[in-house]
C-alpha cells in the first residue's frame, strides 16, 4: 500500500458486472453504463476525484462522451472537482454513462483509471495521500438494458 | 417589476413565522432559526444567490454567525456561490441558522436582503436579470424550539 | 370547429395557488383539468420539481401515477436553459448542449412529445435538432413579449431552424406578443399603488413614440412621477410590454414552424371576451393554416395575484371554442 | 479486574464484510455486539453514512432505532477532518472549525459522549475545546502509527491541550503505535506476493537503522528486490510501520489525557495471545492509572482481507479480560 497511491484490495467490487449495461433511448442503443464503487474503506466527496479516465477495448473514451451520475444528478468529468457537497458513500454506486453509440454484446476489455485524494491524509500544503480505485477487467455486457 | 431587480408579490411567504425559532443545544439557547422561501414563481440553483445579508433589530448579523441549511446540508454564506448542484425548489424552505447566542422571546425586527440571479434572463455576458427575495418584517419568536 | 386543433392547459396557470397555498398539490391541478375536460397539459420543471434540471425518479413516478389516476397526460415540458446557473461564468456552448439534453431527458421521462425550449444560440441549433430527434421530443422556442415574431433576431432564428432541415425544431408563439394595450387590471393596480392617472395615460400613449425605459423614467420624473409610475414603466417596457400593433404578418411567418401555441391571457370578463389580444384574428390564421396540434391555455393573471385560475381558464377555453366554432360555421 | 474499565467494539472492525458483502447491514453488526455482550461501540461516519459530514436525519434515526432494538449504544463517533475535501484549497482555519462543528453535531445527534477527532492544528484547540464543551462531546485526537506518543509533535499537542484547560480535549492512543514487529500474517502475505524471504528479513531488521522509505527502496532494488518488496517497504514504513521498541514512557505521558483507547490488533491466535503488541504492559499501565473509561476493541485484520472479525474480536475481548483479571488477582 504505497502512501503515494494507496491501493486497497477491494478491487473486485469497483466495476459492477450487473451494471455494465447497454443504454437505450427510444429502442436505439446509444451507449453503455458502467457502475462504479470505491476501492476503499470509507466514502469521500466527489471533489476528491483527481483523475477519471476510461478505455474500452484498448481505445481511450473521449471525456465528452462520459456523463457521471451521482445521487441522481448528472455531471461532466470536468465538473467533478467542484462537487464538494456531493458525497460518494462507500456503499453507493456512481454510474458512468458513456454515449459512444453502444457496444456489441459479449466481452469487452474495460480499463478505468480512477484516482482520488485521501482528504484527511495531508502531507504538505496541497499534497495528499492518494488512493487508487482503478480497475481493469474483461466484462460481459449485461442483457438487461438501462433505458433512458 | 423592474427588470433590474424584479420583485414579485409573494412577499409574505419569504420569512416563515413558524420557523422563526430559538435553537437550543443541550438545553442552552445558542441562536435562532429563520426559515426562508423564495419570492418567485420557480426555483433556482443555490449558486444563483447573489447577496444574502441579515439584520436583526437594526443590527447587522456577521456572516460567520450564519449557517445556511439546504437539502439537509450546511454551508457558509461564502460557499453558496459554488452550489450549482443544489436546487432551491420553489416549495422548499432553506434555513438560516444564526448562532448569535439567541434572541429574547417576543417580537423582533428581521430584515433579510436576498438577491438572486434570474438564471435564464441574460442581458449581456455576465449580466442577468435579478429577482428580489428580500423581506422586512416584525416577527414573534416561536415557542417551539429547534433542538440540535 | 377545426378538428385538427385541440386544447391543453399549462399548469403554470395555477401559479398563484401553487406558490401561496402549501396545501395545494399537483393532484389538485389534475383534478381541475379533469373537471375542465382537458387531457393535455404543460408542466414547468423548475416550478414543480424539488430537483432541477433532473428531478429524482420519485418525483417523476409520482406525476405519472397521478396522470393515470386523473386521465391526463403531459404534453409539453416547460424547459429553460439556465445559462446563468454558474456564478463564475455563462454556460459554454458545450454546457448549453448538455443542459438541453437534460431537459430533453426530463421531457422524455414524462412522456412529453413537446418541449418549450429556452434561449439557445442559433449556431447550436444543428446539434440541438439532432438531440431532439434522438429523444423524439420536438423543441419549440418561445416567442415572448417584449419580442414579436417579426423582430430581426426571431427571423434569424427562423432561418437557422429552416437550415437545420429538422422537423424537431420550431416555435411556441406566446400570444402575449400580440397585446396592443395594457390590461385594465394593470392600470387599476398602478392607480391603487398611488400612480397618477394622467401620467399612466401618458406612458401608455407614448410607449411607442421613441422612448425607452430610461428616457421615459426621466420624463415621468420631470412631470412629477414617483415610485408607482416608475414601477409601471418598468413593467410596461418589460415583461408586460404591449405592441404598437399586433404583428400578425410576423405571426404568419412563424405559423408553418409553430409546434404549439401559448394562448396567453391575463383576464377575461364574464362575457368570455379577451379585450387586449386579437384572439379572433390569431385563431382564424391558425385555423386557415396547415397547423394541426395543440393550443395551450396559459393563464398569467397571477401576476396580479388573483386566485381565479379555474374560472379564468374555463372562460378562456370557452372563448377559444366559440371563435373556432364560428369560423367553421 | 478493574471495575472502572469497560469494553467497547469499533464497528470499523467489520469493514471487510461491510465493504464486500452488500447484504451485510448495520443491523448485523449490532446483532454481533449483542452476542458478544458488548453495549458500547464506535461508529465511523464517513464509512457508514451516505452523506457525510452531515448524514440525513433518516440515517441517524435508523441507527438509533436499531440501537434500541439491540440494546447497544453509540459511544464514540469516528470523525475525520477532511481538510483536503476542496479541490482548490486546503481547508482554512475557519473551515476546519466548521468541520469540527459538523462532526460534533453528528456525534451529538447519535448521542456519543466521545468523538475521535482528526488532525486539528494546535493553534485552533481553544475554540475547538469551547465547541466540544457546548456540544458536551469530548474529542480525543488519535495517536496512530507511524506516530508514537513520545514524538515531538504529539507532545506539542499534549502541551496545547493542557493549555486549553479543557476537560473536553484529550487523546485516543491507538495501540498500533506499540507494535514492535510485523505481524506474521503480513510477512506471509509479502512472500505470497513473490517477495524474497531474505530481503523481507533485511527490511524488518533494518527498519530502524537509519533508512527511510526512499533509501530502503533503493537499497532493496540494488539487492535485486522488485514490486513485492517495494510494496512491503511502503507498508512497513507507512501505516503498518512498527516501532524499534514500544514507547511506553510516551504512553505514560498521555495516560492522564486519554479519553479512551483504540485497542488495535491484526490477528490473535487460538490461544488468545496477541504477539506483536505489549498488551499486558499497556493494560497494566491503564489499570494502575487514574483512568476510568472504555477500551475500544479495534480489529484491523481486514487489511489482510480476512473475514473473521467476530472470531477475532471475541478472542481480543477474552485476552483483555484475562489480563485485567490476572492483575486484580
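Order of writing sets the labels: A, B, C and D. Residues in every chain begin at 1.
Assume a residue touches a chain if its C-beta (ideal position, glycine included) is under 8 Å from a C-beta of that chain, and two chains touch if they have at least 3 such contacts.
What you see is a predicted model; the values in this text were computed from it and never measured.
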Field: Intersection of the contact lists for chain A and chain C
entry: B
- line: Note: of the two pairs A-D and B-D, more contacts are counted for A-D
- request: Would you identify the chain whose Cα-based centre sits farthest away from the centre of chain D?
  value: C
Message: Between chain A and chain D, what distance separates the C-alpha centroids? Give it in angstrom.
response: 30
Query: Between chain B and chain D, what is the gap in Å from one C-alpha centre to the other?
result: 41
Query: Between chain C and chain D, what's the gap in Å when you average each chain's C-alpha atoms?
result: 61
Query: With chain centres defined as C-alpha means, what is the inter-centre distance between chain A and chain B in Å?
result: 36
- prompt: Touching two or more other chains, which residues of chain B qualify?
  reply: 73, 82, 84
- prompt: Using the touch rule from the top of the page, what residues of chain C touch 2 or more other chains?
  reply: 51
Message: On the basis of the stated criterion, which chains touch which? Give every pair.
response: A-B, A-C, A-D, B-C, B-D
- prompt: Residues of chain A touching chain D in their complex?
  reply: 1-4, 9-10, 13, 41-45, 47-48, 50, 81-82, 84, 87, 89-92, 117-122, 125-126, 128
- request: Mind listing the chain B positions that touch chain D in their complex?
  value: 25-26, 28, 30, 64, 72-74, 76, 148
Query: What does chain B use to touch chain A in their complex?
result: 73, 75, 82-86
Chain D - residues contacting chain A, complex: 15, 18-20, 22, 44, 46-47, 49-52, 80-90, 118-119, 213, 230-231, 234-235, 238-240, 302, 305
Message: Help me check something: in the complex, which residues belonging to chain C touch chain A?
response: 51, 54, 56-57, 94-95, 98, 102, 105, 108-109, 134-136
